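Structure below; questions to follow.
In order of appearance the chains are A, B and C, and numbering begins at 1 in each one.
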Amino acid sequence: MSIAQLAPTLVYFLVFYVGPLAVLLIISFLSFRDFQFVEPFTVDNYVSVARSETFRILFVRTVLLAFLSAFLAVVIAYPFAHLITFVFPRRSRTLYFLVLVSLFGGYLVRIYAWRTILGIEGVVNGTLLTLGWITDPIREILNSPFAVVVALVNFLIPLAVLPIYASMQNVSPGLIEAARDLGSSRLDITRRIMLPLVLPGVRVAFAFCFIAAAGDFAIPALLGGVGSSFIANQIQFQIGQTANWPLAAAMAMTLIALVVAITAALTWASRFLTR
Amino acid sequence: MTGSLATARAGTAIQFRGVNKWFGRFHAVRDLDLEIREGEFFSLLGPSGCGKTTSLRMLAGFEEPDSGQILLRGEDVTYLPPNRRPVNMVFQNYELFPHMTVFGNVAYGLKLKKVREPELSQRVLDMLRVVRVDGLEGRGARQLSGGQQQRVALARALVNRPAVLLLDEPLSALDVKLRRQMQVELKAIQHRLGTTFVYVTHDQEEAFLMSDRVAIMNHGVVLQVATPREIYERPADAFVADFVGSLNTFEFRVDGVAHGVADMRLGEGDRVRLRADDGASWATVGTTIRAAVRPERVRIDAAGAPSGSETDTRLPGVIAGADYVGPATTYRAETAVGLLSCQQSNDASRRDLAVGDRVTVSWPLDAAFVLPSSGEA
Amino acid sequence: MTALTAKAGTVGVGPLPPRGRRRRRVKNVGARIFLVLLAVFLFAPLFVVVLFSFNQTASLSFPIPGLSLRWYDKVLDDPEVVAALGRSAIAAFVTGLVGGTLGILAALGLQGLPSRWRGIVQTIVLVPIATPALLLAIGLAIYFNRLGIKPPKLPMAIAGHILLALPFVLLTMTAALDRFRFSLLEAARDLGATRARAFWTITFPLVLPAVLGAILLAAAVSIDEFIIAFFTTGTDATLPLVIYARIRRVIDPGLNALATILLVATTLLAVLAARTTVSSTRR
């Protein structure tokens, strides 16, 4: 009975998740000739990717900005989660609720909003001009790494809050009281009791944010300009302009593999350092 | 199945015949044979895991016996689904439907039986009055206190006029005072309605207070079925004796038997006496058996004080401990037959005894009894 | 000093020094400032967009001369926008229904599974959330292409949306079913209900809020979704795609109105979803 109920979902999964990813993987090994992708199988695409200067530059930029954004998002999300769990527990429902809703609503709207705010005719420049603090609008805020990071962090904070908040639920106030009773100082408690319990949540939050940011397309496209595009944009270029799916697929696979590897390394490192 | 009709005695509400139930390798109920009479308040008493709840659930229809039969007023209901049995249950966690009002909960069974207005409301409100929650019918089930929920659960079951009402430790979640109050009320309601109640509990006092008869179970077996008094004063074995109250047990060596009284002589007029009925197989000189006496029947006096009749047990002792609980004190005295507990009420005339005091321990002949050698817990 | 006794409620040795009390108040003020700043950072951008959607003029800076609905009129008269609205609505509807049904069935199936398998299956279904959406997007695009289903159309995007929504639906429903006390059904049967009757009178009403919440959540996921739609639909633009296309063009003041519409739709669905799921937690 249970199997019958689970089957449709699992089948859907197989058809629409495993299938596409498998096809993508296979395609990344095909050759590209005359705007068609054909046999024979080859690793040329991956070789091109490995050799490509462009890819390397883009990759480094993508990873750096994604890392920075994920880091900032976690750094901001942590105190927020702490506050709603321990300092304002009574309001925590509404606050958490607000965060959740902003997660589900407004990805593109936010991006557009930041364009509005940071553009030459945007809110920031307009206000500065009106106030007389500057005479010419500052072009550099938009279409810059700064804009990309701001928008990424804005979008990632709710995502980071979720796992951190969840892991903080595991710290019962009773634990803290017991530690105080046994003579622990506040700092000591944070270090010995909270951190070990909350760190897994922080790791998960960072991982989610980093991976989401590294694969993002719209934010660098709309806020980054030419100088701040991500790998995702390059992938789209290969698909949209030259229909070179095999190369695009290889790029995507490489990106994901490397990003996951970095995440795993970071997680392992953090475990090692806090053993 | 006309055979079952023939063997059912008039006035028998429930019969268990050779009922067995396994959960995997665990033999929860073994060869259960039980008869519960019409209109009686019957309790299944025993420690956790003894099979009492399983037996109740088989009666309700939520479990099926692996062998044996269950008869309800002569009819075989062993495999009848629970919604077709004329039996209703009050659950340990009440299980009130949280999305309905009190009225909705209590009316649920009646609606299923297609009872119509105005009879429906009449019966519901009457029953709410019987359990004393009248006025609350519009309240949501989630908004009731524990005691109120308990009463509503009772009303919900009783309003269907079941042949038998089953109660699965319904008072265990209530605090002591409320529990006592409900016990008295339950007894009164049962008496008033005349419905057969089958009650499961692990609380000996509760079972004794309310029941006409009690069945004591352990490890899936019924050890004794009798009135509370019989169980307390004539327990079937050591486990039963110990479960229903505290007990002093000791070795009794038969030194002499005369005129229906067996003697264990301890020297200088000190002796332990047991009544030996005609035909008591143990009553031969030289036999050793285990005997018991309840602490509240044991008397302690200062050493040397003369008291009691010739047939009383008398022996010397030294106070080893005293526990004062307010209305009574329990003394523990070292004697020749071991450490004996004596419970005495604290009335003004008694002098307090202290550890180390020499005393005389005594009890009347019929206070002590032989422990059957079978059924050690 | 031994004569001093600690005041009630203090933890630690001795009475609370006045310094500590002041420190606590300062900390609270700091906390509140942080929360306010964070709220501003998260919501001010949205607020700005909404505000300017009612701007009388096309400027995007303060101060605002006056309010008007002209941008909404302009935007809703645009056939491209209306078509996109319709498509987004259809996508949300289908995602909600199909995603909801699959997810609810799966949650029911999960209930009957031994706990060893439950964890595994649950993790499997959660994987699409952790997978970068970019991968899913281009994967789905090429998948349909290779399967011969071209040109790219809305149903392909919907297929992707359902995939994204399934984990959320499953999580919500599993939580609700875990909370449901199956012993209530025993009580219902004891009172005379058949299994079917017990389901409709007890299980269904108690689980319905979670079901609705899960469906609304699935719909919310679909409406706001961008990247899968971007790679899979081509000319069948959904609302986010239209916004994206227009952002790349000249600054279009009507865009504020469009964005506000999208925002309202997603927020409304998300809020409704959250409210209905929360109400089912009250036993």
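Operating definition for what follows: a contact is a pair of C-beta atoms (placed from the backbone, for glycine too) under 8 Å apart; a residue touches a chain by one contact, two chains touch by 3 or more.
Note that the coordinates shown come from a computational prediction; the quantities given were computed from them, not determined experimentally.
Chain C has the Cα centre that lies closest to the mean of all protein Cα atoms in view. Most remote chain with respect to chain B, judged by CA-atom centres, is A.
Averaging Cα coordinates per chain places chain A and chain C 17 Å apart. Here the CA centre of chain A is 65 Å from the CA centre of chain B.
Centroid to centroid, with C-alpha atoms defining each point, chain B and chain C lie 56 Å apart. Looking at chain B, no residue sits in touch with two or more other chains.
Looking at chain A, one finds that none of its residues touch two or more other chains.
Note for the complex: chain C touches chain A at residues 11-12, 28, 31, 34-35, 38-39, 41-43, 45-46, 48-49, 52, 59-63, 102-103, 105-106, 108-113, 121, 124-125, 127-128, 130-136, 138-143, 146, 159-160, 162-163, 166, 170, 217, 220-221, 224, 226-227, 230-231, 240, 243-244, 247-248, 251, 255-256, 259-260, 262-263, 266-267, 269-271, 273-274, 278. Put simply, chain B touches chain C in their complex at residues 60-62, 81-84, 87-89, 91, 93, 95-99, 108-109, 112-113, 142, 156-157, 160. By the touch criterion given at the top, residues 1-10, 12-13, 16-17, 19-21, 23-24, 27, 76, 79-80, 83, 87-88, 93, 95, 97-102, 104-117, 119, 121-123, 125-127, 129-130, 154, 157-158, 177, 180-181, 208, 211-212, 214-218, 222, 232, 235-236, 239, 245, 248-249, 252, 256, 259 of chain A touch chain C in their complex.
In the complex of the two chains, the chain C residues touching chain B come out as 181, 183-184, 186-194, 197, 201-202, 205-206, 282-283.
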